[in-house]
Structure formats: C-alpha cells, structure tokens
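These notes are about the structure you will find just below.
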Amino acid sequence: MTTAATDATPPRLPAATPPQRAGTATPQPVGDTSAEPSGATSPEPVGGTSSELLAVVASRALAGRRTVFAGIGLPTLATSLAQLTVAPRLEVVYESGVCGAHPSHLPETIADAVLITGAEAVLTMPALFGYVLQGGHIDVGFLGAAQIDKWGNLNSSVIGDWHSPGVRLPGSGGAMEVMANAREVFVVMRRHTPRSFTAELDFCTSPGPDRALADGIRPLGAGVTKVITDLGVLERAGAGEELRLVAVHPGVTVGQVREATGWDLKVAETLATVEPPTEEELRLLREDVDPKRVYLR
Amino acid sequence: MTTAATDATPPRLPAATPPQRAGTATPQPVGDTSAEPSGATSPEPVGGTSSELLAVVASRALAGRRTVFAGIGLPTLATSLAQLTVAPRLEVVYESGVCGAHPSHLPETIADAVLITGAEAVLTMPALFGYVLQGGHIDVGFLGAAQIDKWGNLNSSVIGDWHSPGVRLPGSGGAMEVMANAREVFVVMRRHTPRSFTAELDFCTSPGPDRALADGIRPLGAGVTKVITDLGVLERAGAGEELRLVAVHPGVTVGQVREATGWDLKVAETLATVEPPTEEELRLLREDVDPKRVYLR
Amino acid sequence: MDHVDKTMTMRDAIASFVQDGGTVALEGFTHLIPTAAGHEIIRQGRRDLTVVRMTADIVVDQMLAGGCVSRLVSSFVGNSAAGSLGELRRRIERADPDPLVYEEYSHYGMVCRYLAGAQRLPFYPLRSYGGSDLTGVNQGLRKVTSPYPGPDGEPEQVYVVPPLNPDVTIVHAQRADRSGNTQLWGLTGIQAEAVYAARKAIVVVEEIVDDEVVRSDPNRTLIPAHAVDAVVECPRGAHPSFAQGYYDRDNAFYRAWSHISKDPERLRSWLAEWVYGTRDHAEYTAKFGEEFWTSLAVGEALSLPVNYGRRL
Amino acid sequence: MDHVDKTMTMRDAIASFVQDGGTVALEGFTHLIPTAAGHEIIRQGRRDLTVVRMTADIVVDQMLAGGCVSRLVSSFVGNSAAGSLGELRRRIERADPDPLVYEEYSHYGMVCRYLAGAQRLPFYPLRSYGGSDLTGVNQGLRKVTSPYPGPDGEPEQVYVVPPLNPDVTIVHAQRADRSGNTQLWGLTGIQAEAVYAARKAIVVVEEIVDDEVVRSDPNRTLIPAHAVDAVVECPRGAHPSFAQGYYDRDNAFYRAWSHISKDPERLRSWLAEWVYGTRDHAEYTAKFGEEFWTSLAVGEALSLPVNYGRRL
C-alpha cells in the first residue's frame, strides 16, 4: 500500500538524470515496488546478491526485538525467518491494522484477506497509528525510499521539484509516522547507487531525528539505525550520527561501496564481512517461508 | 451514572443553610438521584404536580427533535412518550454509548444490560463523546443539577467551597460536555426552590454559552433553553438571554414562582398556562411506557 | 421508535449528495473501496470536485480520467503495490490534460484531519512532520506550543493538522439496515471517522439486512444510523478491491491498471466501455461474467458467537 | 510465532504491578468494573496510591476505606444513581480520617487525558471547560490558541488536558487468550485507551479461552496482546457490576452500599468480612452462595456470526 511498509524495495528511479519530464519511455516508478508476486519485471539485483541474502541479514538484525511494523515482500521474508530463528516471539504489525496474523497463504499485500482471517486483532486506523505506532509500541519499522541521505532522512514523494516533479512518487503513506515513532528503523535497499544514496534529497518526506530537532520538534525514536543493501550494511546509533559502513558482503570492497554512495561515506573502524546465509537459514526460507518463491527471487 | 444524563432529578440539598460541614444527619445528597426504581424514599413532589406532569411537558418539548442525550428516570418517561406521540423518530443516545436501544425491560440505569442486548449500536467513549456529542449530533440534552442560575449555568459539584465543601456532589460526569455541545439543553427540576434557582452558584460545573464566551471560548450550543419544574416552565433562546417564565402549571401564580426563584425572575409578556396532560398522554405513560410504575411516582 | 428508510439507488444517492465543486471523501484502506460510487460520479459527469482519499488508487485515477476532479487531498498516490496511476502522474507531472491541485499529507496526518473533523476540533496534534519538507509545500501543517512543559522542562512544540469536513463521505461496508446502522469487519480503517466528519454520508453495502441481524451484535455497528443519510445496496461495489467474507481482491485488475492507465487512449476506451458503457454497477458486474466472480469467491470462516445475554 | 503466556494469579499480578505510591487506573464504565482487583489491592495493603477512575464508585469507596488511596483523579464521584459514597464524602468534606487530594475533571476531559496518554501527545484539545469553575481548581486545564482562524476569521482558543499515563491500568473483560488478546463486548467504554496509556496493563477476564476463539473474530479484540502484561482469570470479578452475557448487575448491593458506607464502623466490618476475611475472589464469590449467583444469571442472546472468508 505504501512505501512506508508495503515493501522495503524503493520505487526504481528512471534511468535518465535528471528525470525526463516528458519521458514516456521511463519505467513506471510510482508504486512499482514489486510487492506484487507476479511482478516478474524486476531485474536480478546487481552486485551478485539476492533477496535471500537481504532477507537473511535483515532477519538476524531482528534478534531480541518484540514488535515490527513491516510490509509485504522482503520484510515478510525477513520477519518470517526471524520468527523461525532469532526472534520466535516477534509480532508483526501491518499498516492495514492487522496484529498477530496467521495467514493460510503467503500474503500478497498488507491488506490481503488471508492476513485478516485468523488474526489475533484487527485495529482501526486511529488505534493503529495513534495507540500502537505513536503510542510507542513498535521496536523496529521497515521502510523503503527512493532516496536516503547520510542522516537517514528519506524521500518517497518526488524526483525533481515538488511543485512540478519529474517523477511523482507515492508519497509518505505511513512512512513519516514509522520514522517519527518506531524505536528504530531498518531500511532495505536492493540497489546501492549514488542516485539513491544521495548527498541531497530532492525532497525530504520522512525526516530522521536530526531534522526534527532542527525544526524544534522532539523526536521519539532513533530514526534509521540500519540500512541493508546489495553491497553491505550501514548503521547509525541515532540523532547526531551519520550512517557509516559497518559490513560488506563477501567480495565487495569498501571502495565499491563508497563509489556507490553519493556522499563521503564513513567506514567503521572495524569493518566486518557479512556472514553468508547458513544452510539452515536458506532451507527455512526456501522450504518453510516461501516455498513457492513468491518473494524469493 | 452521572448528573449529566442519568436522571434529570438533582441531588436533594441538605435542609440546613449553610450546609452543615459536620452534619451527620443531613440526607445523602451525593448521587441520591432516585434513578433507582426502588428508591422509594423520594417525597411526593411539592406543588401538587407529579412525575407524570413533568414527563408530559418534557415530551411535548421534543416535537420535531431527532436525537436526545438522556438519562434514566424522568427522561426515560419523556422520551418514550415523545416517541409514541410528537417525535416518533426520536433516537435516544445514552452516556454509556448505547444508540437505538430496544430494551426488553424498563432500564434501571443508563448502562443496564437490557439496553445493550438488541441495541442498534454500542459506541466506545471516544466515539460517544467525541464523534456523537462534540461532533454535533445531539439536538437536545437532558441535564439535572443541584443549582441553576438565570443564565442556565449549572452546579453539580459542591455545596459550599470546592476545597472544603459542605456537601460533595457527584460532579460533572458528562454534563459539561452535554452543555457545551448539544444544540440545546432541557433541565427538569422536581422542586423549584430559591436554593436551587439561585442568584449565585456555589460552583459552576457546567457553564452555559455566556460564561464560555466570557472565558474566550466559542460555544457550540445554545445552553439551557428550557427548564421544567413543579411550578412551571422557564425558557431562554441562547447566549445573552436570561431564563424567563413562559408558563405556569394550572393553579400556580406568577408570584409563587418568583418567590421560589433566587433571582428577580423575568416573566414573558404573554404567560401561558401549561396544558394539563391529555387522557391519551396519561394512558400511554401508564399503560405503555411504565406500566409497573417504576418511574411514575 | 420508527425508523427512517434511507435506502436509495446509487444513481439517486450520487445525484442528491455529490455536487459540482464539492468535497467528496471516499475511504476504505485497500479493503471496501467504494469503486461503484466513484463510477457513478463519473457517469453523472460531476466536475471540479475536491476528492479526499488517504490512498489515492485506481478509483481516483478513474475519476481523474473522467474529468471530475480538480483537487486531490491524499497521503499516498499509487496503484497499491502493482504499479503506476497513469492519469494521476500525467496530471501532476505535466498538467496533462489539466493541472491537479494536490494537498499532500502523511497517513496519520489524514487520520488526524478526520479525527478533528469528526470531533469538531479546530486542530489535531500529532508527532509527525517535524523536519519534513511537506511543511514547506502544505500550508495546512502548523505548529502549536504545548501549555505543559516537555520532559526536559522546556516548552514543547508539536505539529497540528486542520479538521477535514467533507461535503459528503462515501464508504463501502458489508451490511447495514435500512436506516443506516452499518456493520463492517476485517479492515475497518478510517471509515467511521470519515463518516462522522462529513456533512452528509452515503453508505454503500454488499447487502441490506433485517434489523434483527444488526441488533444481534450492536458492537459490530461502527457507523450508527444517526450519522448516515443514504444507504445504497450494491453487491460487489468494491471491485477491484475486496469485501472480507464476500469476495476476494482482483489482483489481476490491479496489475492490468498500470498498463491501461499508462496510455491515455487505452484508459479512455476502458472508461467508455466499463463506466460510460454500463448503466449502473449491476451492468458492470454482469459484464465480467459469473465465471469471473467465481474466481474471486471465498469460503466460510465464521466468527464464533458471543452472548449478549437476556434478562430472565 | 510463539506466544508468551502472561497468565498470572490475581495475587501475583497485583503484587508485581501495583506499587505503593503508584498511579493505578481502574476503568469500566458501570460495566466490567475491576472490583476483584480493587479488593486484592486492599488485601495486599497498598498505600499512597493515586487512583484514576472516571466514575469513582463502590470499588473506589472501598479502596479509600482500605487506606490505600491518597489521591483521586475522576469525573464522577457517586454510587451510581443509588446513593452516596460514605467514605469518599468523609474524606473530601471532613478529611476524615485523612485528607484526599481530588483532581476533578469532566467525563470527556478524562477520555481526552487517556487519548493523549495512549497517543503520546503532549495535550489533547476539547470543546468543554470554557467558563467552568473547574478551571480555577484544576491546574491541569489550560488553553491553547488554534493556529487556524476560527469561523469568524479571528483566532480561536480551546481548552486542553494533559496526557494521563498510569503506572498500571487494570480492566475487566469477558475473555482473553493466554497472551493477552482481549475481547469485550457490550459497553466497551474507555478500556482500550486506558490500557494503551499505561506503562503496564493487567487484564482480568471472566474466562481464558483457546486461541481459536479469539482468532475467529479478530475485530472483537479491542486490546491486543502487545499492550497487555498480565492476564488474570477471575470469574465474577466485576461484581457488583455486570459482565454482559455472563451475569447481571447486583442492584441490591448498590443500594445497600449507601447504607454500609454511611457508617464508618459498618463499612470497616464489611471490609473485614468480605475483603480481609476472604483469601481471594473465589472465596468472596463462594461466600455469596450459588443461589445468589443464580439470581444474577442471564439467558442467551447470541450474536449472529459474520463470515471472515477463507481463500479457496
């Protein structure tokens, strides 16, 4: 439904820079977030990585977490795997209002009827956004975006000028609320490029705590604390901190990541290499979580 | 439940003036609103009138009204009679959240289980107070009080000083909200005395629009527009207007009413005499509305 | 008490309550989207509407293409997760064929606008918007200083949104009685607040049921009769979205829409065939054929009853 | 996902979550009043509590008499419509045997305090309080100027209330699963907001049910497990109030209470016999005898099922 939570995958950007205002040949960026399982148009991710790798890395990051606000697609894979491994008591809350879903089939949207039947609770929007999210009950929110900057601010509104955009993207949905209220936010970006990891957002839809503070508003959460991409993992602890590279995938160099980043990316003193998925993680993903490979591509 | 809506009957005041702070012999004023059907301790109303007369006069005033916020007791009689006569489509909304009740038995409280079973809707408190009442869906609210002044301001909190009261009364309940938000408010007072119709309230719990305006708050409703007592009927149109006597019960003189009123009561240019209950009104009250005479006393 | 029979045909309800230049809210978060009402608005050729909808999706794209809308108030503009809204993007990106005034909010910003509208509040505070560029392009977003000290003892600021009071709100639900007591289940979203915020409200339902059905479960009535002005029975009126327990989502249509709406000609011929070319929603649904509807049919998963009790 | 089993005995739940000096909200508007929890607080001899309850009625009078309470936050102090709260009046009118700090609000003021608490808002606006003397005796009531012009184009003021975040909220409900997904029906009042506003929440239920019962009707779950810290099974725990579909209100007890509480000696001997003299609520209910409970029994009025649907 929204870039907030439907899918951690950002809308793909048009190939041209700046985006063609009359470009009929540009791919469809609005909402083309490949959450539709039959959306087989997505290219294989670059960098030799895969949905499996991203899902495994994200799942490990959920260890010890109690509640996740997540969408469909990669977050489904990550949270389901986490429930089978590091976070057996993890509760997934969907933007549609569903808590404690027990779906009979793999859900295709955050509002899929199979998420409702047999769920533990279905909440109205005022309760979901007001009591659960703003009320402080969400440990981790998954977000996607078209652009992210080094403070973890996100753009999901427009490419170009808001008043006359090159590309009109879906907008906030609930992303701004997830950013403002979840204890921390994980961002999964399938493609780490200088255009999406940008020094200057075209538009800031969902601000992190630093921008909130500068606007005189007290932030309630830490903002983006982890970004998982096809090249590696970036982290920051909260307000006042930049994202820094803490791990690369096997075979990826620091130089590659810095080159793919639109700002002068800082690197952790001790850089790790991401532990590849274990056989057990892959088996669970492939056999239990998504045996029909709806999201595993 | 509350003086707001449970019953139009005010708590009886202690006999002594000023109220005895240590008076163990004072009657029980708190919540002794005789909404309990077995509360047979209430004296027959003075002035030769009766619950029937008050109920009939109140029911006629509901002609053309769509929604009423009311309590149990006299308002039950008045609204039920109105539904059978002048306002067949009248919907009664209870402070407990019940809309469109179809009770199997005469309800004993605004939260009686028989009001819920078979009702058309039961709302949460935020919906009832926020969407229905403050949202502007109530045409007429019934209120009671220990004291009323000439602007229709009401006291249901204390007799004496709030910090060290002679008598602690129940307080607002939802009365303040009914006053602030219903299009107009009807007050039924079983006993018209100078102590309850007072020049100066001991404490203003539920202010009418004049007091709201003086406090810089824009009122949404007209406040008290009608007061029905054992002596007659007082009316005012809204902000800026005093209550004035518009009708007396048969046999009651203007002098009697003015004497029973704690301020210099204005009298309408053309004073009416209240039309006594018709045989049909009495038959409906006695045979259809309250055949067991639970509230008809 | 007597009941007012508020049942109307869709045609009469739209003709009575949706006026050119008015503000129309259509709500339903993925579930129970009032598509049939949107189509009837297109058929009746309404113009210059302000459309309010949290998730502006296919029905909004269609109303844009029908030339009904000059202003949009929303917090998400996209074809769910299935792709683009072609007409919406042409309108916003290129003013093609006409400009579209767009008021952009976040989801909770819209929720709070409905909450303020339903409660007759002058504003509603929320914890979002601090530092967002939306505050620069949306003059509706303002700040208030709390009269209570913040956790650090200093004055605390918070953003607020203004109330939203549509001229008419249209929602779709599973069932209602003839006077408008409306029951919905599954995702219930913002429907009750959107109805209470509106001057007039139209409830479109899969079925009108006997009073006894509604009254057997009063807690299920999220929208009481006093908030409703018209009840329209319109089975399958939420297609291509779904109605929990009645029919499933038409995912193929969502995917197809991205292609249909990408090409203005194709979009207009779709409208000609499926909206202008059908007299009403009954014709629209019949055109799909029964086999199609069978493919969206759902099985039974009944709620266990609760006891409301009866005085003995 | 695995489930956390949060079931506890009443004794353990109160001992774990209700601390001397803490703020305890007990909600339930006439219906589902958590009386048994109040009695256990008295048995455990908690002191110096701030008790929050919209309708301070019998259970509050009992907790006052038990010496547990030094401060009360409420919007109605009375024994329903049945008479007086003797202990409360003695405390407020004569500081007998001890003073009671009383924060007085209106019902919607309390509702809005819970709403602000549940939503982590710094304040909540409402249309009440303008011109009320309550603003002179309650420093919590303050004004905010709306950043939007009023209907007359002039700045508009509105009163606001501060958030309420109890250390623990206790509510009673008909049923829950072992992890705390709680379903209630009939009058549902402010329970969900009071739970979400609290740091910790105890849900007392008539019965703990299988997961499948709850999951057959997820819209009935007004309080999800993530907001609940303890689930206590305590049949008839709402007496003398009622539980829709389980037992009726004990109106005779309400009437009797006015007489019991009028006389401090009689009140203390009632407490000695019925609260201190019983080990737990099971003993309290047994003491009334089965014939008594039969007199409060209710018949069957089942909700008609709704279909949540199943993918075929």
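The first chain written gets the first letter, and so on, giving A, B, C and D; residue counts start at 1 in each chain.
Here is the rule we use: a contact is a pair of C-beta atoms (placed from the backbone, for glycine too) under 8 Å apart; a residue touches a chain by one contact, two chains touch by 3 or more.
Quick caveat, the model's predicted, so the values are computed rather than measured.
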Each chain counted as touching subunit B and subunit C at once: D
Pair with more cross-chain C-beta pairs in contact, given A-D and A-C: A-C
Most distant chain from subunit C by Cα centroid: B
Length of the line joining the C-alpha centres of subunit A and subunit D, rounded to whole Å: 40
Approximate Å spacing (C-alpha centroids) for the pair subunit A, subunit C: 27
Inter-chain centre distance, subunit C versus subunit D - centres from mean C-alpha coordinates, in Å: 36
Approximate Å spacing (C-alpha centroids) for the pair subunit A, subunit B: 58
Residues of subunit C engaged with two or more neighbouring chains: 115, 119-121, 126-127, 143, 150, 156, 158, 185-186, 188, 192-193, 216, 219, 244, 248, 298, 301, 308-311
Residues of subunit B engaged with two or more neighbouring chains: 98, 113, 116-118, 122, 130, 134, 181, 220
Contact graph of the chains (line, ring, star, complete, other): other
Pairs of chains satisfying the touch condition: A-C, A-D, B-C, B-D, C-D
Subunit C-touching residues of subunit D, taken from the complex the two chains share: 119-127, 142-148, 150, 156, 158, 160, 162, 174, 183, 185-186, 188, 213, 216-217, 219-220, 244-246, 248, 297-312
Residues of subunit B that touch subunit D when the two form their complex: 1-2, 4, 6-7, 21-22, 28-36, 38-39, 72-73, 95-98, 108-113, 116-118, 122, 124-126, 129-130, 133-134, 153, 157, 162-177, 180-181, 201, 203-208, 210-220
Residues of subunit C defined as touching subunit A within the complex: 29-31, 55, 74-85, 88-89, 92-94, 104-109, 111, 115, 126-135, 137, 143, 150-151, 156-159, 185-190, 192-193, 242, 244, 248-249, 251, 254-255, 258, 262, 298, 301
Interfacial residue positions of subunit B with respect to subunit C in the complex: 66-67, 83, 88-93, 98-100, 102, 104-105, 113-114, 116-123, 127, 130-132, 134-137, 181, 220
Of all residues in subunit D, those that touch subunit A in their complex: 1-4, 115, 118-121, 177, 179, 181, 192-193, 196, 211, 214-216, 218-219, 221, 224-227, 308-311
